[in-house]
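One chain, subunit A, appears in both complexes that follow, with subunit B as partner in the first and subunit C in the second.
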Partner chain A sequence: MTTKYNNVYIEDTYTVCGNYENDGPLSEYFDLKHEKDLYFGEKTWEKAEVKLLKEAVDGIIDKKKIEEEDIDLLISGDLQNQIAASDYMARDYNIPFLGIFEACATSGEGLLIGSTFVESKNAKRVLVTTSSHNMVAEKQFRNPTEYGAPKHKTATFTATGAVAILLSNKKSKVRIESSTVGKVIDLGTTDVNHMGAVMAPAAGEVIYNHLKDTKRKPDYYDLILTGDLGIYGKDILKDYLMTNYNLDISSNYNDCGTMLYDIQKQPVFAGGSGPVCSGLVNFGYIYKEMLQGKFKKVLIVPTGAVFSPTFTFQKESIPSIANAISLEVVE
Partner chain B sequence: MTTKYNNVYIEDTYTVCGNYENDGPLSEYFDLKHEKDLYFGEKTWEKAEVKLLKEAVDGIIDKKKIEEEDIDLLISGDLQNQIAASDYMARDYNIPFLGIFEACATSGEGLLIGSTFVESKNAKRVLVTTSSHNMVAEKQFRNPTEYGAPKHKTATFTATGAVAILLSNKKSKVRIESSTVGKVIDLGTTDVNHMGAVMAPAAGEVIYNHLKDTKRKPDYYDLILTGDLGIYGKDILKDYLMTNYNLDISSNYNDCGTMLYDIQKQPVFAGGSGPVCSGLVNFGYIYKEMLQGKFKKVLIVPTGAVFSPTFTFQKESIPSIANAISLEVVE
Partner chain C sequence: MNKEKYKEIVSKNTPKEDTVKNGIIAFLVGGGLGALSELLLRLYCLLFDMPRKEAGVLVILTLIVIASVLTALGVFDVLVSKVKAALIIPITGFAHSISSSALEYKHEGLVLGIGTNIFKLAGTVILYGVVAVYFFGIIRLIIMGG
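Let's turn to the complex of A and B:
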């Protein structure tokens, strides 16, 4: 389902990152950077993630000199069971709340729901937030870090941070031009250590559907940017689109998971992941470079493996989803 | 945030229930009733819940003689970690998908998001689904059932079933007249065995805000129906609204958690809960009685405790949310 918008603008963004992301090549684009450990003064990792989200919300409120009451709607989701980081953040704000979950594709889902509320004039200002925390994800989805379990080279590294994206009907320099809602795709992959392979088909389907619905060629965009397939998933996506749809995106395509870290030097295996990985790349780096005119039209495609460890233990394959959002500099 | 709609109709609903719900007083209103055990032919409880959701989706598709492709958008959420029942259901349908989570308030959230897509003409038909499964909830949130842990009298019984609500821009007998998005409320309650006390303030706040925004008195509605506070939470809500806002709703108020089961005879303690408890009452009983003219204007207020067992172990209090949706018979 593809929708075009006429009146949805990004008023501003605010990005918060941890030390690994601060050590990466895009550090200069983030608003608040943590440099020490992953607790940020909290007693647990889960509470540390709530703190990051609150820093993002407080950050954008301060940056724009607005009040909570100036925001009509808060849309948030994260990787914690029960999207707990979002719920326990939201209880501290007097803003109507919608909780969403599409794993690492959550920022895209939030943007297209938020855009629908703004475009239909049901809300003037919508705040979309998401977060992830490396240690929370390791604890919940993988092994206790104390085990020191070796990682497969196709594994990815969950990014730590939070992003806040303020959508508004007030004209600004970057607008949400259109969006395509993705479908849940499951081609039978069962390897939890290779999420790039799991998610690439979902990204491929939504990119194909977006281009078909808008009657565009890949070169309409300065950049098509998935997130977060990693170095192997990126190649799988290019193959998938070429094999299934004879569609070549290689000249203007990149993946957020390959951009957030220095993959050669940092211990991130196939690249970054987690909802905030594409969040930091898209709303730190890409958004700020769009403000500077480096990119004019960008199709962002946050990708998520919407799997459950319980179903994986029950021998089920892994479903995934991706949404496509077209960002455009307002001339 | 309150929104009025002009063109959002309930095209139809489909309800699926388990044996406990089938033994309750509202059984005659449900479309598909399971009578035996809680596995429904599946090997695990989690997969059994997926089956219920698929029965609800297939049921509404068959009932309306439509195809998957006639549905523009599927919105679903449930209580499983990673809303797994919804994700693993959605992979079997070729329908764009939005995953949501507000615990037992999920059906209300789905309705107001779906209504926004229909009202803004971004979608002609939206299918909103939710589910819960007693044994999945016991396993994930409470104790292994084999322990036979005694229950507190304020505890509730998670309902088993699934509901599908088909929203459309095509005129029908019942419409979504307006909605009010709730805020996450946390007044410091920590008792996981008394969710009615946790959720009553969230219900109170959204009912108050809805009536204020629409300039209505409680008697505008034939019925104000929360779900699922249970017998104790119901009294707490009435006290909360009287004490804080001098608002008396007692003459036309009821709670879904007190209606789904025969509380005197069935082993449900303070009543029913789970996303599908209010789902079955609202879209089985209430919807069908609206079609018959018994109720003309009903304010449904699904309530949810958006808590995380992890945060509860970390001594945090329990956040909750509720949304208000006004259903109206079209004259």
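Let's turn to the complex of A and C:
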């Protein structure tokens, strides 16, 4: 399903990152950087993630000099069970709230829903936020954080941070031009250490459908950016689109997971992952470079493995989802 | 696209794990740890004038204490990522799995946190260790008469 928007603009964004992301090549694009540890003055990892989200919301409110009442709707999601980071963040704000979950594709889902509210004039301003925390994800999905079992080459590293995107009907430099809702795809991958292979077909399908619906060629966009496929998932996606649809996206395609960190020097294996991985790259680096005019049209495709460890233990393969959102510089 | 064809695309674009290299590292470091333990055993025998069997228990305790302290200091997981299974297979890995679980869940309280989760990883080893010992004990009894 592809929707075109005439009236949805990104008023501004605010990005918060942890120390690993601060050591990465895109550090200069982030608004608030934590350098010391991953607790950020809190007692537990879970509370630390709530703090990140609150810093993102406070950050954008301060940056735009607005009040909580000026925001009609807050949409947020994260990786914690019951999207707890978002829920516990939202209790401290006097803003109507929608909690959403599409794992690492959450920012895309949030933008889709937010854009619909703004386009239909039911909301003037919608704030979309998402977060992830490396240690929370390790504890919840893998082993205790201090255990540190050897990782596979194809494993990815959950990014730490939070991002807030303020959508508005007021004209600004970057607008959301269209979006395509993806389908849940499962091509039988069961390896939890190879999320790139799990998610590549979902990204491939939504990119193909978006281009077909809008009758565009890949080179219409300056960049097509998937969320967190990692270095191997990137190759799998290119191969998938070529084999299945004879579609070559290699000239302007990249993956946020391979851009957030210095993969050679940092201990991130195949690259970054987590909802905030694509969030930080898209709304730190890409958005700010769009303001500068480096990119004019960008298709962002946050990717998510929507799985439950319980189903994985019950030998089910892993479903995945991706949505495509077209960002455009307003001339 | 069918699942079989996709599997081919995935395996074509997925790197092989360095199992031989990892195995050699684990063998050398793990073997080194074994040799050091043997030295320690003989040292204990000499120092405390005790039989091998009793000194063995002391060696195991020493390794458990060292491993747990290294876990608490945040060093053990860094070492594991470098030397692979070398420190996980010996008793040090068992100690590490328990102490890292205890550390992880301390904020959820003594009962529902540490109590419930301390054997999260070690539980499997304990259960199947006991079951295996039971069966091997029976086999030993049949073959060697006790």
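Observations, loosely collected:
FYI, the second predicted complex is superposed on the first by the 331 of 331 C-alpha atoms of A that agree within 3 Å, B and C clash if a C-alpha of one lies under 4 Å from a C-alpha of the other, contacts with A are read in each partner's own complex, and residues count from 1 in each chain.
Keep in mind that, in the parts below, a residue touches a chain if its C-beta (ideal position, glycine included) is under 8 Å from a C-beta of that chain, and two chains touch if they have at least 3 such contacts.
Everything quoted here is computed from the prediction, not taken from an experiment.
More residues of subunit A are touched by B (comparison of subunit B with subunit C). In the superposition on chain A, A:111 makes contact with neither subunit B nor subunit C.
In the overlay built on the shared chain, the residue A:244 is in contact with subunit C alone; subunit B does not reach it.
By the document's definition of touching, of the two partners only subunit B reaches A:103; subunit C does not.
Shared-chain residue A:316: touches subunit B; no touch with subunit C. When the shared chain is aligned, no partner comes close enough to touch A:61: not subunit B, not subunit C.
Of the two partner chains placed by the overlay, neither subunit B nor subunit C lies in contact with A:195.
In the superposed model, A:44 makes contact with both subunit B and subunit C. Applying the stated contact rule after C-alpha superposition, one finds that A:184 touches subunit B and leaves subunit C untouched. Taken together, the two complexes place residues 43-44 of subunit A in contact with subunit B and also with subunit C.
Contact residues on subunit C toward subunit A in their complex (touch as defined above): 1, 3, 5-7, 9-10, 12-15, 17, 22, 71, 74, 76-78, 80-81, 84-85, 88, 96-97, 99-101, 103-105, 107, 120-121. Across the complex, subunit A is touched by residues 1, 3, 43-44, 46-47, 72-73, 77, 80-84, 87-88, 90-91, 93-103, 109, 113, 116-117, 119-120, 122-123, 180-186, 306-311, 314, 316, 319, 321 of subunit B. Looking at the complex, you find that subunit A touches subunit C at residues 43-44, 139, 143-154, 187-189, 194, 197, 201, 232, 235-236, 239-240, 243-244, 267.
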